[in-house]
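Heads up: the structure comes next, in structure tokens.
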Amino acid sequence: MKKTFSALGVLALSATSAFAEPVQITWWHGMGGANEEVINQVAQKFNAAQTACGLTPVSKGTYEEALASGIAAFRSGEQPNILQVFDAGAATIMNAPGAIIAAEDLLLQNGHSFDREAFIPGIRHFYADADGKFVGMPFNSSAPIMYINDEAFAKAGVAVPKTWAEFEAAAPKLKEAGYIPLTASQLTWMFFENFFSRNNVQMASNTNGYDSFEGTTLNATAPEMLAFWNRVKAWHDAGLFGFYGAGWADNQKPFEEGKVALWIGSSGSFGGLSKTATMPFSATFLPYDETVADGNKSSFIGGAALFAFAGKTDAENKCTADFYNFLTSTDVQAFYHQATGYVAITTAAYEKSKADGWYEKHPQAEVGILQLSLPQGEWSKGYRLGFYPQIRVIEEREFNKIFSGETTVEDAFKAIEAEGNELLAKFAKTAG
Amino acid sequence: MTDLPAPLAASPRPLARLRAAITTAPEPAKRVQFDRPLLPWLFLLPQLLVICVFFYWPSVQAISSSFYLEDPFGFGSTFVGLDNYTDALGSSEYHHIARFTAFFTAVVTAVSLALGLLLAVKADAVIRGRGAYRTALISVYAIAPPVAGLIGMMLFDQHIGPFVTLAAMLGWDMKVGINYGDTAFAMILVAVWKQVPYNFIFFLSGLQAVPVSVREAAIIDCRNGWRRFRTVTLPLLAPTAFFLLIINITYALFDTFAVIDVMVKDKPANNPITLVYKVYNDGFRGNDIGGSSAQSVILMLVVLVLTLAQFRWLERRVHYG
Amino acid sequence: MHRIRPLDHLILLCGCLFMLAPVAVAIMTSSHSAADIHVNGLSLAPGGHALDTYETVLTKRGGFTGQVTGATMAMNSLILGLGFAIGKIALSMLAAYALVYFRFRFATAMFWVIFTTLLLPLEVRIMPSYQVMSDLHLLNTYTGLIVPLLASATGTFYFRQFFKSVPDELLEAARIDGAGPVKFFFDILLPLSKTMMAAIFIIMFVYGWNQYLWPMLMTTEERFFTLMRGIKQILQVWVGSQIPDYNQAFALAVLALLPPVIVVVVFQRWFIKGLTESDK
């Protein structure tokens, strides 16, 4: 049976070249459910829009499974043309320059134009190299924003906080009104990575790791970070901050049930919330720390980007470039943004959605874009840290310990820094 | 495209030496055996072929990468000798996880073996409804792991989990995902639940294989049910029990990482995890090939010693046929 | 000996309750809507969405090619389950027979060569295994899906345990009758092993049927999609942006439960047989 299949494959291949059938390219991604269906639609739109190329998307499980599949495939020469890689795993693939072709190079080499300025400011640097050249093509992007239980604020009669000081002022009244004032999902993203970006504090040496992997160290014990976390711990002890563990949904659930006044989640969460929340809600920016001098900057983007693997024929690379070009077109971006809840990554797609009246119907959909369009600080462009998924595991472990009282904020961040630095040093060695 | 340096990639030496150390047969041989030089090899060939190509070949690669720090894409690698081993063994976090792994393995093995045996003995004893019991108990084994995980997760949900509500009525403020002990309890319960049908099936088939004449003789000789179980049934089940003991230990050590992943919602934080979960997290999720390979080699050695010990000491007590 | 024993039934009922409650919950929960499941969690009462959910699951054409239905996924799972179970029984019975019933050089060494494979699960050596499969050009084939999973000694170990407990007198008698190794295997050992084979078949069928990680890594074509992949795909939705279609996942899981249950029911009869006589 196997032989028949491969024989068919050979036939299909030779037929391709003989009759100028479309050049086939593949795209491995890590999405499921409704988002996978949108990816399929995007691919179908691309295939319908032109005849030279045929794109097949393949779901490879979760983000991690997709990256691992891509790595295994590359080592065996079976790599797809395009691989979707998530934010924390970006350093792994960008550490292997021979494995990928930078998105910008690919587009320019194949006769397309590329304008970095067309992208929303907060999106320009995360998947780019130190010179600002786009290595990955931003695809699905999100930002951490704060959701508001409108009923709670009406009942307590306080204003929605913009800074953590304003939160401290409002929280006791929210508590008196019978609400848990604040919860947050995935503290690593909200209160660690994006504390650095939102408040413009350096996250790691070597320009947040962009300059080199060699000798990069984590700046977890920054005084601003320690001061902020001591406040968070005090809120928790005073019943102003609810912590339900590292799981995402555990912290979101009480907000849906209307027990919590403020919840920090993803800019895309409004889609699910609108089906499950028991009360009217709105959204605003992730608060910033008023004690830090140069704060209130844009946040890092979360989500994932597309990377083009090397080792493919020129014809296939041309198709990949064509697809990138298609993907960043205003119509496709606006479609993707509106269908998934991920932020629009180009200014044009944002303007189009605005013209479509999309944000009048879904005001929360605009918050993430606006937050990513805030002025960018020196340290809010992004971070490039090896083995970062494991460093997140360490952060999560220590955060849990802080709230259970097993450790102090100072000791916890010392541990994160020490163990994180060991991993970073190890990663530098893998490059050999 | 392999990037492993040739001498290491092809060195099964450590394993060969280990095997050479096992000089005597670990089990009492059958009294009567066939004496054909070639036929047994013919029978062994398919299994050996599959094992060599799909087990030893990849395993040797895994072992050799434990001495390197390697870029996942295979571009660069640095020979680091035993660094990956000393890194793992020197970390207090690793020791902490190792201790929990030992505890978890012991409890899961003991409880699921005991429950499986109890249910099998009872299902074998009753006449009325035995088919229904059997089908009911075995079919649980078929439930899909992701769904079993989902059920487990929802059962222990902090906000709406029925089990948590139940615990609250008994005054137990259960916090799976935050409280170390509560999470461990939930993990053990789900892991046991998934393994009991496996043990049930094999114990039941072991019991069914006991000749009816033996059972009837036992009933006449020994009226006391518990004594009959200890003196007749249990020894007859010993070969099955020995098989299940080893299988359950490897299950608890190796095959529970999906359960654990679901219970901690893929974010271990400071929750209890086992060594294999760490290997999976570091290697598959974190792309640290060298470090995770070293961890799996350590694990392999531990299990090898454990298995050897069981075959050499415990199997002496197992009475076959 | 055939009297009713209330205590035994009580224990069995408690056991069934502990084991089956989650299954019952899965069936009931599958009849609720996704949002309902998200908000209220598991349910023991039926909801009103059973029909449309099951209809969707069975007939919806998913995937990029639009060719993936519940039925095609079930077919692939079936191939995987059957291929794995049959392959495993064949390989491991032969190997165990050789190890137990033959005297030959290196028998002990071979014993350890085979039993070492209990030590390292596929998940831990999955990356090098992928490379091996690619070198052998077995990616995207059923062979590649099934054969590497066979490289473990559970079956061999189990049959070894059983063969060793088969009374020696049988072999002695057979040899007096002039039966050779092949005849002894087929005429005596095989019929004796029915219960064992049934047990192994059930376990291995379910194991193959429920595989996820290996097929996911190994295949890139939608025609190889299995039920397990379908279930995972549904549940895996970007945190918060949507609610997973829990109802469909539960429904697929309930459907996925059926073939193994059928296998169990079919093999029931083999379980009832004793070693030499029937119980009845």
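Going by the order they are written in, the chains are A, B and C; count residues from 1 in each one.
The rule we apply is simple: contacts are C-beta pairs under 8 Å (C-beta built on N, C-alpha and C of every residue); 3 or more make two chains touch, one makes a residue touch a chain.
Per UniProt, the chains are A = sn-glycerol-3-phosphate-binding periplasmic protein UgpB; B = sn-glycerol-3-phosphate transport system permease protein UgpA; C = sn-glycerol-3-phosphate transport system permease protein UgpE.
Computed from a prediction, not measured in an experiment: that's the story for all the values here.
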| item | value |
| --- | --- |
| Shared interface partners, meaning chains that touch chain A and chain B | C |
| Centroid-based (C-alpha) most distant chain relative to chain C | A |
| Comparison of A-C and B-C (more C-beta pairs in contact) | B-C |
| Chain A and chain B, separation of their C-alpha mean positions in angstrom | 37 |
| Separation of chain B from chain C, taking each centre as the mean of its C-alpha atoms, in whole Å | 16 |
| Distance from chain C to chain A - Cα centre to Cα centre, in angstrom | 38 |
| Touching two or more other chains - residue numbers and ranges from chain C | 39, 126-127, 131, 232, 235 |
| Junction residues of chain B, two or more chains touched | 157, 160, 284 |
| Residue list for chain A, restricted to those that touch at least two other chains | 65, 68, 71, 75-77, 248-249 |
| Chain C partner contacts - residues on chain B that touch it in the complex | 2, 15, 19, 22-27, 29-37, 39-41, 43-44, 46-48, 50-51, 53-55, 57-59, 61-62, 65, 115, 118-119, 122-123, 125-129, 131, 133-148, 150-152, 154-155, 157, 160-162, 193, 196-198, 201-202, 204-205, 208-213, 219, 236, 239-240, 242-243, 246-247, 250, 254-255, 257, 276, 279-280, 283-284, 289, 296, 299-300, 303-304, 307, 311, 320-321 |
| Chain B to chain A touching residues, read off their complex | 1, 69-78, 80, 87, 157-160, 175-179, 264-265, 267-271, 281-282, 284-288, 290-291 |
| Touching residues (chain side chain C, partner chain A) in the complex | 35, 38-39, 63-64, 126-127, 130-131, 134-135, 137-143, 213, 216-217, 220-222, 232-245 |
| Chain B-facing residues of chain A, complex | 64-65, 67-68, 71, 74-77, 89, 92-93, 95-96, 98-99, 243-250, 253-254, 257, 387, 389-390, 393, 396-401, 403-404, 406, 422, 426, 429-432 |
| Complex contact set, residues of chain C against chain B | 1-2, 4-5, 8-9, 11-12, 15-16, 18-20, 22-23, 25-26, 39-42, 90-92, 94-95, 97-104, 107-121, 123-129, 131-132, 136, 147-148, 150-154, 156-158, 161-162, 164-168, 171-172, 175, 181, 195-196, 198-199, 202-203, 206, 209-210, 212, 227-228, 231-232, 235, 246, 249-250, 252-253, 256-257, 259-261, 264-265, 268, 271-279 |
